[in-house]
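Okay, so here's the structure we're looking at.
Each chain gets a letter, A, B, C and D, in the order it is written, and its residues are counted from 1.
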């Protein structure tokens, strides 16, 4: 690739320590299907970080897979899942949730977040029993598709509301590392576990080759979960590949260190943009930012850097999307910034 | 693991050349979702090996995933798939095919293979239109779950019969390497491509960390296949992980070399067992063998080696299953053999 | 029921001529599963009315059943159906379409109708291949859930657009009788057939006990349709029950006569309301009308008549929904009108 | 039809008392979707007959519909249903159970019945967790597809075994009337309710135009059942059609009287066949019988009567299937018998 990529956070491979550990352990015989030593250790490590030794933990290869397995395992045929209309499950998973039989009740949300009044509205609109689906699950992501994050109080409100309304709360953490490492964040990993029924920790976008760690706190949702993994083709015979990665990521807090780097890189860009007096489509918080720039500057930048042009603002300005990652090169960020400042 | 494992062919990681290539390429930015350079090169290499530059090739992480995506992409709701009753899709995939909506017409087969008369019988039993499912796809595996293989003439007969009957033929090649490397084999990889509509080449059980390469020859089956991949959670953002592995496996015929080693190891064990006058439940051909041994010998062997006890034969003898792999240590095989001979 | 029901068009049984025919034919032995004489005659009659003797016709028991079977038979797993957000399949079928695996792309439409620019917008938003569903079918209803109808030119535009875009057009005719019998209508039954790929003629809401007649014009959509009927539990062993009803409804144009009565009754009410100077939420056209009335008048009316209060307009006025049917008693309509005028 | 039909028990319409009641009630306005007075009365009547006023009762239009809704409502995605291989759900429902996502574990059974040792064998074969489906439901029919019936002790054994094994027991009663009216029967309708978790009473094959009454005793299985009905297209807007039929069938024990007639007619034929020294493929018990007759006699009979030739026995004899019904004409049976005796 000739241009430097700010389009996504999965352009590189993985943190070198993972490759190192894969090499060291490569020829040690292990049990298959997640019964290997590394997977066991990784699970213990995550249980420790979330301060819950009763949580069930499973590793899968990607976010769409995690989402569809989790939702398939939870809902009965007539039940639906509530999501922001911009939610990954609603837009970018090729109908995976409908393919397993469930309607998504989509909520319009300018910042990609869901509030309890949004959920209440959906419930109020689904009272014609039994002619309508029965909402049973709330799907949120942190950070969201628009780079925004949930504060602790917001997550508490959602979780408590879901308990009262007999709904489950599921948090898609494909970019949880970035969310928990922003300056504004006040959630710990154990808070996330305490304030959801089920969630996952995204590895693919934060230093792993592939891998998401599903954490199930709610006892009801634990039952037979492994059958669903297997049925959807997610149970790797060489589960060690996933276990080893999370073992490395959760030793010495590497996971959060990598995410902090991603956020730091975007923050540098944010500051440069703000200094030049430009604004943002959505308040920049995590490793996804949406600056509004003059079209001629965008054209200049796009000669050496690749990013998405997100939205036309007016005849002279557009919003672009820039994503940084654990692997983003600070030198290149500096060069990018100097282009902006020039 | 204290005992040496002959239970399966996925106890180790991957061939070291794969880890080497992963390391070399690790920080090179690449496009996501299989649009990376390595995936492109790997596809070209496989097209060359099968002598068909029009075939569509996709990489996925495992066999159950490959099976369910392929079958979901092919069948309409009322159509069914014919399989040996011992077929992986019928027994060991937790109902994955039914979960995507399709009945499996299971055929009893002592050696795990399907013949055209078996298929004809299924067709004959499904004439009560529209009260019954409509068989539309034949699923075979090579090697089979019982370690047996298809000869070229057998595959030709099946394929020609399927064409006449307007059925598709799909070959599960989770252990295709072993099948194509046995002494009895007379099929080339391009024969397999010519004599099926769709098949896949298993990497996980033959030197890869994870990965199966789906090859689509039939033009009808190519349409929109990528949507199915995405919908079932199989489209990796870091597709490079799969591309790199198949690039290495198909350079310098490493794929077949590894499989030959696996077969050689099982052949050594077969000969030792035959020399001692013991027989086999099913004629041993590939890297899965089913010797019938005295129970006391089984007990002795099981102290240092792990394997499945497959079936009680009589009060004094049982059949066991032994699997060798690309990584099986010849020194340990020699020790194992000496125990048998002792 | 103490109050007279204006809530729906299925409060009564069926037109007496149907019961008469059921009695006359009751003990004549007939073939099962729609191979009876009456079903054959009814199909011929409908083919004649639509002026297409090649159309395939099937009878099912209800609208949700018709919708889910038709859509299941048409779409492959990754394909979606476009509908108005108020569409019956999107709101009032308990997730039936998602349960058979398909996403509904919902279009906001104040009058319940879809225009080609709405469809174009959906197509434009689904270009990220293969991460999104692929819209393949357009679902409309005539009359719509809001009582509005499609004019011939509108249907032509939709159908031609769908042909250009390689989409199928499916018309839900649960209330087709009423639509085709309004004063404003300029569509014939054969126009509906010519300008759609598949549609159905609703019997349940227009004189039948149960029954919808599915008409398939598009050759591609005919293939194996009967299997889908059977698989979804819609193939009645006593298919005669459905055939006899449509035989009666399509003899002597009874179907349209009954619908005209329904429309005439609503028109009488519309005129009375207009004379009193009240307005409507949506322009009244067919047998579903949405007058906006003062709350005290609504309260008075609701003592003797039942209807839905549809929407609060302001502190003093609300929109109600009134539905008339083939069985609506004109004397009671007159009394209802006099209450309004009083 | 020129020949008299002994092929099935759905060649005629319905018992005249049903048409009479439909006519009497035809124009009385009623609530839709099963909230009508007749449905309520019919439910009370059935609750009285099964001696359980807590049972939930729902009416649907046919057997395949009943089966798929019941099974869809009970099973989670990874769970399977155990059935005789000749079971209606396994053979004659066009893959309806797989289409809702579930594997059928088929048991070979010469008489169509299931014993606890058959179930135990299935459970024993499904211990490889989580690679296999999890059997959770046992499906039986009474009478079976082969006309055999369950005795009280057999049903008790099955039910008690299912309780111990944490399985649900579901009885398909499409021909329950005939089963409970045979000479050998010792089950009452309340026994059937006591000894199953859920079952249905078939109306279509015993005097109704259409209709099966689903009875849910197990509290767990009652939850949200109506949503499943609606989602699968089974909730009739004119539910009165079903309610009225069951109201008539369960007044004055008409249901059992009709079934007794069907059995009596088959018994007459059985006796005639036995007197002539012919045997049966399966011991004749209910309204489906399988006599083995000389081919020339079969040919003679088939000139005036239609029935299925079920199975070739030897060069000179074949088994045929004869079905009698509530509407079978005794005079014609007598003529048929005299042909046999001649």
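What we mean here is this: a contact is a pair of C-beta atoms (placed from the backbone, for glycine too) under 8 Å apart; a residue touches a chain by one contact, two chains touch by 3 or more.
Computed from a prediction, not measured in an experiment: that's the story for all the values here.
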item	value
Where chain A and chain B overlap in contact partners, by chain label	C, D
Relative to chain D, chain with the most remote C-alpha centre	A
Centroid spacing, where centroids are CA-atom means, of chain C and chain D in whole angstrom	34
Distance from the mean Cα position of chain D to that of chain B, given in whole angstrom	43
Whole-Å gap between the CA centroids of chain A and chain D	51
Sequence positions of chain B contacting 2 or more other chains	77-78, 93-95, 99-101, 130-131, 133, 227, 230-231, 235
Sites on chain D touched by chain A in the complex	72-73, 76-78, 100-101, 129-131, 133-134, 224, 226-231, 235
Touching residues (chain side chain B, partner chain A) in the complex	1, 4-5, 8, 10-14, 16, 19, 22-23, 25-32, 61-62, 64-69, 93-96, 99, 204-205, 209-210, 227, 230-238, 240-241, 327
Residues of chain B that touch chain D when the two form their complex	77-78, 80, 91-95, 97-104, 128, 130-133
